[in-house]
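What follows is a group of structures, each given as structure tokens.
Two complexes are shown next, each including chain A; its partner changes from chain B in the first to chain C in the second.
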Partner chain A sequence: MKGESMNDLKKYLSIGKSLKICILDNNSVEFLTWVRKNVILEKIFSQYDMILIPQWVWTEVCDSENRKSYINDLKHYSKVQIIDEVDYLTLVDYKEAELYYLFLYCCYNVSRLVSFIKKNILKNRPVEDLDPYEEWLGVFYEEGLDQRKLSNGRIQRKNAGEISIAILSYILSYYYSGSIDIITIFSSDRDTYEFVSKAKEILYKDERFKDRSNTSITFKSNDFLIYEWTRLGYIDEQNIHTFVDSYRQTRRIKFTRKKQDNSIEEQDKLIDNAAFLEMLKDSTIHLIF
Partner chain B sequence: MSELITSNNLEQVIEKNKLIKDDMLRLTNDFTVRFNKSGVTGQDKLSFSVLKENHLIQIPIDDEYWGGAIITKGNIKIPVINTAQPRVYQYFVAWHEIYHLFYDLSLRDETHNIAVDMDLNERRADYFAAKMIFGNVYDYYYSLDDEDFIDRVIKCMDVYKAPYKAVLIELFEEAVTKYNDIDLKEKILEHFDNKPEDLVQKFIDLELDSELVKPSYVVSLGGLEKKIQSVMKENPDVSHHKDNYQFLLTLKNKIKKGVEGFAK
Partner chain C sequence: MSMELLFENRKLIGKNILNIIKDNGYTKSSFSRLTNISRPTLDKLIKGEVDSLATFKTHVRKILETQGMDEEQLLNYVPKYNAKKELVFALSDNAPENHALNPKAQEMFGILEDIVHMYELYYN
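On to the complex of A and B.
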């Protein structure tokens, strides 16, 4: 997406409406293709004004025809846009230094990347003297991210999708907070969650960002979606066992539970399918991730 | 450490010490009460074990003037010791850094406290280190039969595991402030700027363990390996912990390879 359409998007994001934005991660798209027969796309996405997919995630989506066609079908129901990372600069109004910090903070969990960015991108210079964004973005993608050759011949860049999603969400959160109400990331990847959480921790302390208004970023993991669908009656009670057995595996869940006195307990636990089915019946639970 | 101490400013150093003596003695007591609960008796072991609890990084750096530091990042303070320096220095630096870690006001405040006299602050750290290391070095010095001044000093170094100059400063302070020992004072001034060149050989000649005056070249990254291993175990579905573990091992190997170069 270049030039004109990028400016259209910026305009759309700045009109002051209470926008609800959904950002899709590859693993969620995969999950959604599995459950497509059970829950129709419209039910999941109609509440969002726009669905965004960063280019680096889109590349991964395209490794599977199923995922690709799911997104293409989604376009009939909702506004879907794939955003090239190069265009992040336009979205932040060409504030290159700030974009640099967003990259750095969204990579903070991976020491090797932080070291790479400082050594090969910042190169001991003040942030004002950085190479042009497009240039260093290329260096980061080509040389910074670990790579692995997939069976289809494509080179996969490790963590590219997670990092790009985290940066895009913070761009929306900080630069368009006036017109965006909701930023929800559909992802079941713990790394994505941790990248976003770590960046939040640092941004809240950083002088450049800490006093700015921002829209909070939330998640819908696969488990969250199943919980939500059960509550909404999209999956009926007879089918729920089969559904969970077919589409879910033991996974760590972060959630809260309301106690008898209304106080809230936080938990982060490995939950197998049997325990998860019990959780689905419990309305005092809120899944965080 | 503080300004370079030479025979010319030795007297001033002693004057400065007088100003901070009571304070530093109070801190050494405080330290023993608060941090030596297990009753560790070797001062060299005690300082390192306390620093290790604070994620001490031990790393050989090819710089004879850089003994160690406290690296601060946000609220985190991490002590670093240069293991390319002879062990005696490391022991002294360890106590010096303990002062900064626990008692240094300029590091304790979140904002850097510029009102602190940095020179005096460094003197405090050195004096704290000396007070933690030395017992009654003056008496020990006089208990030695050796006629040779340098041999006696070396034996003091061996017993207290202290650097050459630190021994002399401590002796000098006692000679000046307590015993008015003009003879010893003169001897110290005469030898202060001429540290024996081959301390290792001197130790061997005196049948002492010369390891003390050699570098240890220890590479230890603050218990990070264990820490990452444990979070990896707790969060098997998070891939970046594995990445960080690999990265740490790569770094460690790199450092070790680099060390092989200058350890020879």
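On to the complex of A and C.
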């Protein structure tokens, strides 16, 4: 997005209308293409006012024609915006030092990236002396992220999409909290969840951010979606076994369950398909990730 | 309050502009873009080294406009945060910019950086 359209987006995000925003990760788009015949996309996304995809994620989406065409079809039903990471600066009203901290905190789980940022971007200077954002963003993307060549010839940057999603979600959370009620990330990637969680921990302690209002960031993993669709009756009870066996594998799930005395237990464990099918029958469960 | 008074106190105004940049999460570069003041001129303003009253007025007006402030607020600006004591990154690589470390040294520096970061992660 450039020029006027970025300003249009900023205006839209600031209108104070209790917006519901969905941010899409590549792995979720892949999953949604598999289940497209079972659950129509209109049902999944109609509750959101806008669907955002960072450019670094869009690049990954475009590695598959199926994923790309899913998003193009989605554009007929919803307001879908692909946001270039360069435009994050406009979204934060040129508060580039704060944007630097969002980058740093969203990378905090990866020591190598933190070292890279401090050594090659901050370069032992005060943060207000940083080089222009476009320059250090390019250095971070080109030199900071691990790379590997895909079979289609594209150079994939490890964690680029996850980091960009985490940063975008915090931009929306802190700079547009007055008009956004819901920020939900569709992702089943544990890294995305961990990046967002670690950044939250640090932001709550950081003097620059800790007293500012913010919108909470929530997740819908593939397992969450299956659980939700079962409860909403989008998946036929008779077909649920086949559905789970076809589209799900053993995965670690973070969830809560209400006990008989109404206290809540927290769990974070590997759940195979048999256990997952049992979980689908339990209405006291809430899937976090 | 007159712009002439600000000009007379341009060293103080420069410090206050820098504090506005820091307090609001800008960098000098992004503040320069926001206010449409060239980076060299902004540096001069911050150092209190703009010697032309006309130039000073033009640029200070741009700052007042973007920050929604008046002259008096700029002159009496009180920093929001005390200078925050940042954790000093204990490991410093002072090699010249184009110097290439040998692979063994590079590996050792990498490990040391990871240890320092791990400490920082848990210290926080």
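Everything that follows uses one rule, which is that the second predicted complex is superposed on the first by the 289 of 289 C-alpha atoms of A that agree within 3 Å, B and C clash if a C-alpha of one lies under 4 Å from a C-alpha of the other, contacts with A are read in each partner's own complex, and residues count from 1 in each chain.
As a convention for this text, a residue touches a chain if its C-beta (ideal position, glycine included) is under 8 Å from a C-beta of that chain, and two chains touch if they have at least 3 such contacts.
Since we're looking at a predicted model, the values are computed, not measured.
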Tell me which of chain B and chain C touches more residues of chain A. C
Which holds for A:251: it touches chain B only (first), chain C only (second), both, or neither? first
Which partner chains sit in contact with A:192 here, chain B, chain C, both or neither? Use first/second/both/neither. neither
Touching A:159, do we find chain B (first), chain C (second), both, or neither? first
Mind working out whether A:124 is in touch with chain B, chain C, both or neither, as first, second, both or neither? second
Please work out whether A:207 is in contact with chain B alone, chain C alone, both, or neither, and reply first, second, both or neither. second
Quick check for you: in the superposed arrangement, does A:112 touch first (chain B), second (chain C), both or neither? both
Answer with first, second, both or neither: which of chain B and chain C does A:97 touch in the superposed model? second
Shared contact residues on chain A - chain B and chain C: 111-112, 115, 205
List the residues on chain A that touch chain C in their complex, please. 89, 92-101, 108, 111-112, 114-115, 118-119, 124, 127-133, 202, 205, 207-208
Contacts from chain A onto chain B in the complex sit at residues 109-112, 115, 146, 158-159, 190-191, 194-195, 205, 251-252
Contacting residues of chain C [partner chain A, same complex]: 18, 21-22, 24-31, 33-34, 81, 84, 89, 92-93, 110, 113-114, 116-118, 120-121, 124
For the complex, which residues does chain B have touching chain A? 74, 235, 237-240, 243-244, 246-248
